[in-house]
Each structure stands twice: as structure tokens, then as C-alpha cells.
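Every chain is named by a letter (A, B, C and D) in the order it is written, and numbering of its residues begins at 1.
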Amino acid sequence: MELESKMLGTKIVRKKGVTAKDPILVEGLPGIGLVGKLAAEYMIKELKAEKIAELYSPHFPHQVLMLKKGTIRMLKNKFYLWRNPNGSDIIILVGDVQAVTSEAQFEVCGKMLDYFTSMNGKTIYTLGGYGVGKFVENPKVFGAASHASVIPELEKKGVIFGETNGSIIGAAGLLLGLGKLRGIKGACLMGETHGGYVDAKAAQSVLGVLSRILEVRIDMSKLEEKAHESEKFMKKMEKEAKKHSEMSGEMLGDSDITYIR
Amino acid sequence: MELESKMLGTKIVRKKGVTAKDPILVEGLPGIGLVGKLAAEYMIKELKAEKIAELYSPHFPHQVLMLKKGTIRMLKNKFYLWRNPNGSDIIILVGDVQAVTSEAQFEVCGKMLDYFTSMNGKTIYTLGGYGVGKFVENPKVFGAASHASVIPELEKKGVIFGETNGSIIGAAGLLLGLGKLRGIKGACLMGETHGGYVDAKAAQSVLGVLSRILEVRIDMSKLEEKAHESEKFMKKMEKEAKKHSEMSGEMLGDSDITYIR
Amino acid sequence: MELESKMLGTKIVRKKGVTAKDPILVEGLPGIGLVGKLAAEYMIKELKAEKIAELYSPHFPHQVLMLKKGTIRMLKNKFYLWRNPNGSDIIILVGDVQAVTSEAQFEVCGKMLDYFTSMNGKTIYTLGGYGVGKFVENPKVFGAASHASVIPELEKKGVIFGETNGSIIGAAGLLLGLGKLRGIKGACLMGETHGGYVDAKAAQSVLGVLSRILEVRIDMSKLEEKAHESEKFMKKMEKEAKKHSEMSGEMLGDSDITYIR
Amino acid sequence: MELESKMLGTKIVRKKGVTAKDPILVEGLPGIGLVGKLAAEYMIKELKAEKIAELYSPHFPHQVLMLKKGTIRMLKNKFYLWRNPNGSDIIILVGDVQAVTSEAQFEVCGKMLDYFTSMNGKTIYTLGGYGVGKFVENPKVFGAASHASVIPELEKKGVIFGETNGSIIGAAGLLLGLGKLRGIKGACLMGETHGGYVDAKAAQSVLGVLSRILEVRIDMSKLEEKAHESEKFMKKMEKEAKKHSEMSGEMLGDSDITYIR
């Protein structure tokens, strides 16, 4: 992998000579509950996707990570390619961080789209969590689409539209929004999640729906384990919260706990 | 509407082939009491003005809005055109947000002026609220002009000059100030308002004066309703404040309430 | 005065065809105690200096000032020229504001130096206050020079060197520091001042020394009045502080007040 | 030394005609415990290294320092060269400050690397402290390498790898990380330190290891004195902390103080 000599703007260092067949971009950068990140990283591992590019940016924190083996590395985002024998190839975007300011996010997402369109990509799915402030037994997967025309097909695969409001912050939103301005279609898939905890269960829901959309079989067994751990942890937290809440309730003479469902 | 492929600076995406006759710019972006925004949006609706351009900027927040129908859209500002059969055409500028930093405001307002001058525009009216920190029965419309020569004509239409002080922050001020450096004349029309609440009544005052200035008839009936709601709400708030203030006064042994007029 | 059409960087709008004879720059932008600003503005008025340029910057706050006559104006810095019949011409720099961030100060001061060197200027005096946190009967004028070679001559005119420490923040420091990198000589003249109040008396001290350095006669009578007002105000504040301090002292059983000298 | 006329970006002002033999860069800018700065400045003094370049940046604070002799100077970073009769020349980088934001650090470190590579440099050692939140009798020297291949040789000289975690913030990390992207090898050498105090003892440890790595003899006697002072100061602080901690412990009925080792 050839490396560039200057770093005054966001740079993508790409493996030479890589091409892809009608690639679909799946984004899973850090966000609410790390839902997107967990799903995308699991997908990379299970599909044994190959790293094809790294993105460095002066808008990422000015620090390097110390690794266990005694070396350091820059903070970065990474693109992986999975060659799909039965359909569109899949490019998966993951990484350590997102840029913080608006100007930086626009620059970084713009470069990502430059790269993706240079690979002839025309569809994007961004993954994330939709924070509901409470623990959820069976996390739904909400969607927000770039174009209305995208919705019916995704609804058939289990994505729920029109039940969310507010805004999607960061790359999960901006890749779709900026992509739309370039004629790229896609959707953000959001797993229903508490919002205050890492949530592998929501990641599992999102990945389940995504695999149906992409028509790609992904072995979920290892994520299942993590999801069970997440669930156990969340149930414990719920119980604690309930206990605490009941105690408070008794002290306040209030036995009707509605805050925790 | 053709869309640009990059988004590294503020961009205006314009409908092709649109021309205007000696256009006057009316700006109503979000500001104090949303006075300008309410007035400008009402004007667009009543005049059935046509959207002719959209402005996107990396200085706007890095998020996309989720719409009820399940789609997303970027935050933006918009230009509408109303073709005036009897005089100068009117371009109305509205939007979701303003940029936050000085540098960003200068860039965005500069682009707006580039666009407006490319349409041969030479006059700007910016709309806003003038916060007075109290509820006002009959909101005055204050003015601040780019040039002294503009004042007499506007005074005849009911704009009050010389009774304000301080500064005009954001696009309402900067479009005038930067416009002045380019030889554009105009004024900021400010409806007297509390400052802490959305105020359709002040918007109504501003729009009334503006329609006299532009010599454009605008049906005010629907804004009248909103203005009545605003008025009712504000009177209620005033009453609450008075009650609260009297209670505090009694507790302090002070029966002479001068804070609330 | 021709005006530029864009405002994406700091711009200096200069009166055409103005030249100056070996000009000396005197800077008096807002700073501690407004000492430099008061001195420079008084100098402009008394010498009837002529405005020869205006500086606008996107790094100044994004607002326009409302003037009493009902018009608005941009925030700006201004250059005035006084043609000296007996020696070097004097260019005086004053203004509403200074830029806030480092990057902005470097850009603005860089443009100021570009302009000054284009006028063949080679000497700079920046004016300011040196905050000592207490009221001073006879404010000294401290100096900090670009080059050691500058010091002896200034000492003869009453400037005290080597009694200050710390750093000089903003244009008063940066014009000297950046100027030094361009081969420009000069000094910062700092009037001893409390630091918490506007101080015309310190301004008077600075201006007195400066007029000796420049060998320019400036009628001080009107500044004298202001200085007396400043002095009266400061003595009153001192008395109040002393009273308050004694009261606190008594309450604390401490009769030895050393805080106020 | 020729000086540049503009200062709109980070600039390096270099002494003309200076060349170096396979130079190694040693960085010691301000950081945790000032460990790197103390070590690098001591090295410059002892080796009588010659100043060959100065770096100025608009990303450094917009102020100038007042010196005792009555002059001012800009904040800056400096490069010194020591011509090694027995091996690679050494370029030592020290300075007043580091840039604060990520974008600024990337720009400044990029310029440093441009300069270093223009001198044909291919190896970098950055010096710093590794904060452990407690006083250390015999500070270890931890390492974090650009490449795994660098580790074995450094371990032989006493550097400990694999016992640190987290990230290296600022130039000490970024010069390595960005350098790695340009094919430069090196390591960060971190002296174990409390983190809350200036620590000459940790600096001594780092310098001892560095002199073994560089195979350069450095007379440590003067640093030894400083290190002893640091040690005395730290022991005193430790005692104070212990006393305080025991008192708190007794009050809490807790006689087992483990916080202070």
C-alpha cells in the first residue's frame, strides 16, 4: 500500500488496482450504543472482507494509539471489500473515530463519497442506533431513506419507516444527505437502543435486517453470544433501576412506577 | 435542478435559466422571536412564490433531518422568486438555520450576495425582531438602513428610525453591511418583540410595513389568526409573570411592581 | 473610496493615490484600560489626521452597529494619515475590535503590515496599558522594543525598559513581533494602569511620551480633562475599596491593610 | 538568517546552506512533567548544539514574550544541530509551545517532517513523560515504536515496551505517526513520572537511555543536581500526601493506605 507524503487535508490511502462490482457501501462508524460499529465490524470478520483503503484526517484527534505489542498507530477509518459471488460487492466502512466539527464532517464525508463514487458505488446503507432512553426486549430497526422510492423494498425486509423524528448526526446522516446531492440512494438503518450503553443486541437486529436487504448470509452465532451478554447486562441494569426507582417511589409514597417499562 | 458533486464550501444550487426583473431581496432566516422567519415564510405561501435555489453549507450543523414520510433531508437555506406583475420581482430567502461563527457567516452571506447580484439585485430588506424584554400591545417596526438616503421613503411607510441601538447580529445585519460594501442599498426591518418567545404578532407588524414598502398586497388573514394566538399566549404569560411578581412583591413587602409594565 | 466586491478574507480598502513620507505606524486598538485606543483616537482628533484606509475582516464579530442616525455600519479598523511638515509622516491605526483567535490575529496583523510596508513604513509604535491591579498616581510608561538598539533613544524620552514581564497579547504585541520578522523596528509603549477600568490618565502619560518620541506637538488640554475625570473616578474607587477592605479587615480582626497601597 | 515576509501559515526560517549527515531527530517540546523539554534542552546545552532553524506558526498563541533586557520575541520552536564526529548527526527540536487544535498540530508536525526529510532524516526519537499519578523512585523509560522492527535494539538499551496503554497526545505522538506514513522509523521514549509536577529525574532517565541509543556521551552532572532537587521535592510532596492521607484514613477508620505506594 503506497503512502502519501503530506497530511494537510483528509487523505484516503487506497490499495492499488482494486476494483469492485456495483459496490454497496455499509457504514458503521462509532455512534449511539456503538450499534453500527458492532454490526459492521462483525460483518467484516464473518465475511472475511479485505481491507482496501485507509482514511487519515487532521480533523481526527492529534494523538496516536499505543498498541500492546509496543508500537503506535494513527487514528483512522478503514474500507473493507467483500466480493459477492451472487450480486453487488460490499464495501464496509469502519473506524476509530468521527470528526467533531461540522466543517470537518463535511470534508471527511465528502472524501468518503469521492472514493465510493470512484469505485462506481451508487447505494449506501448507514448503520446506527436510535436512542429511546429505555431497555428494549426486541429492538426494532427503524429506517430513514434518502429517497421515498427506496422505502417499500426496505419495508419488506423489516425496516420500519415514519416512526422516528429529530435528526441523524454525523456520518450516518451526512453520507446519506451529501450522497443524495450526488444522486446516490440509500438509507440509515437504526437499531432501537437505550442510548447509554453499548448494545450488541440492537447491532444483531440491524445486521439481521441488513443481511436480508443485501441477500447475504451472515453467521450470527458469535454475535448472538454478545447480544445475550448485552441483554443480561441490560436486564440487570433494568432491575437495579427498578429497585432504585421503587425505593424512591416508596419514599415518595408513589407505588406506580411508569418510568421503567 | 442540477446538483453539484462536491460540498467543501458553501454552495448554491440554482434552478437553471431563471432570471428576475430588478429583484429585491427579502431575508427571513431564524432569529429573535422568529419574527423574520414567520413573516418571510408567510409571504412565500401567500404569494405562491417559486423555489429557485437552495444553499447548502459545511458551516451548518452536520446532521440531516428525519421527515415524517420516512426520508431525510440536509439542512439548508432557500431562495424563492415571486414575479411581480406591477414592479420589481421579489426574491425571498428563508431556511432552517444560520451559520454560527463569524467566518462562516461572512462566507455564507458573501455567497448569498454573489447569487443576488448575479440576478442583478440592488435592494435588500432583512427582517427580524428587536427584543425589548417585555410584551408589547402594538409592536412598532424599527428600521436600520444601509444608507441615510433610504430612510425618508421608509419612514413614510411606517418604519421608525433612530430609536434602536446596539448591533444587528447574523445575516440580517451582515447582508446589509456586506451589501453596502458592494453598493447595495437596503434596510433591516425589526418588529418590536419580547425576545423570549416566538412572536407572530411582531411578524404581522413587519409584514404589514413590508407590503406597503414593496407595494405588494398580501392577504393577512391567516397570519392574523397566528398573531391572535401569539397575543393570547403573551398576555397569559404577562399575567402569570405579574401574579408571580406580585407574590414576590408581597413576600418582599414591596407593592409597587414596576418591572412588569 | 473604491470598495471591493468580496469579503472572504481580511481586506483593506484604501483611498487611491495616497502616499506617505517615511511613515511611522502608531497602533491604538482596544486593549487593557483602552489606554492605547484613547491615546490614538485623541491624537487623530488633535492632529486632524485624514482617514486613508479601512480594514474589514470575517474574523471580526458577525454583526453591524446601529448608529443614532438610523443607519448601520460594519465593524472595522481604520488607518489615518497625518502629514508631518517637519519629519516622518504618521499613520495611526484605530478601530472597534481586534480579532479573537490566534489564526485571525496573525492574518489581520499580517495584512496591516502588508499595507504599512507598501507605504514604505519601517517603524512601529504600538500603544497599550500595562495592568498592575491597583490605582496609580503618576502612571509610568513602560516599553518593550523589537530590537535592543531601539531602547537607548526611547529611554531618553522617558520610556522605562526592563521592568515588565509576561507577554503582550494581541495586535500591540503581534505587529511588533511579526514586524521584526520583516525587518521593521519599533516598540510597545505601555501606560501603567489598574487594568479593570478605562484609564484616560494612563493614555495621557503614553501620549506625552509618544509626542516626545515623534517630536510632534499635541495639545493635551482636552485629554487633561478626561484624565482628571479618570483620576477622580479611580480615587473614588480606591476609597470605596479601602473602606470595604477596612470593614472586612475589622470583621476579620485584621487592621493592617496591605492590599490597597 | 533570512526571514520570510509573510506569516499566514506555519513557517520554518532556516539558516542557509546547512546540511547534515543522516540526521536523527530528537523532539522535546513541552508536555507531561516537561520531561521531554528538560531532556532535550539539557542535551542542546551540553553538546553545544547550533541553532539551524526557527519555526513560527499562526497556531501558536497571539502574543509576544517580554524579555528581561526590554525586548520582545515571538513564540517559536527551534531546531538545533549537533555534528556527530562518530555517527549520525543529531537535530534537536525544542520550543515554547505546541499548537492546541488537531488541525494545527497536523500542520505544524507536517512542516517539521518536511524540514527533517529535506535534511535527509530517516529516524525520529520523541521524548516525553508517561504519567502514572504517583511518585516514582527509579523512573523507568517506556517506549512506543513506529515499527515492530525498531523494538529489539531499543530494548537492549533499556527501553521497556508493551507496558503502556492509551495514546500519545501532541507532537511526540504525531511526529511518529505522520512520520510512519512517510516511511520514517522511530520511537517515543517516555519517562515514568507523576504527571502533576515538573520532573527532572524522569528527564534524567530518558536522557540516559537516549544517550545509549545514540551512542553519544552526555555529561549528566548538572542534570543530576536538578534531578536531586526534583526528587527531594517529590519526596516532600509524597510525605505531605501520606500524612494527609493517613489523617483522612484515620477519620474514615481506614489504616490501610494503598493509594500512596
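Keep in mind that, in the parts below, a residue touches a chain if its C-beta (ideal position, glycine included) is under 8 Å from a C-beta of that chain, and two chains touch if they have at least 3 such contacts.
Nothing here was measured: the structure is a model prediction, and the numbers come from that model.
Graph distance from chain B to chain C, where chains that touch are one step apart, equals 1. Residues touching across the chain C and chain D pair largely diverge in numbering: under half of the numbers involved belong to both copies.
One simple way to say how far apart two chains are is to compare their mean CA positions; for chain A and chain C this gives 54 Å.
Separating the centre of chain A from that of chain D, both taken as means of CA atoms, is a distance of 38 Å.
Among the residues of chain B, none is found touching two or more other chains.
Across the complex, chain C is touched by residues 101-103, 105-107, 110, 114, 143-148, 151, 161-162, 164-170, 173-174, 176-178, 180-183, 188 of chain B. Note for the complex: chain B touches chain A at residues 3-8, 13, 56, 58-66, 68-74.
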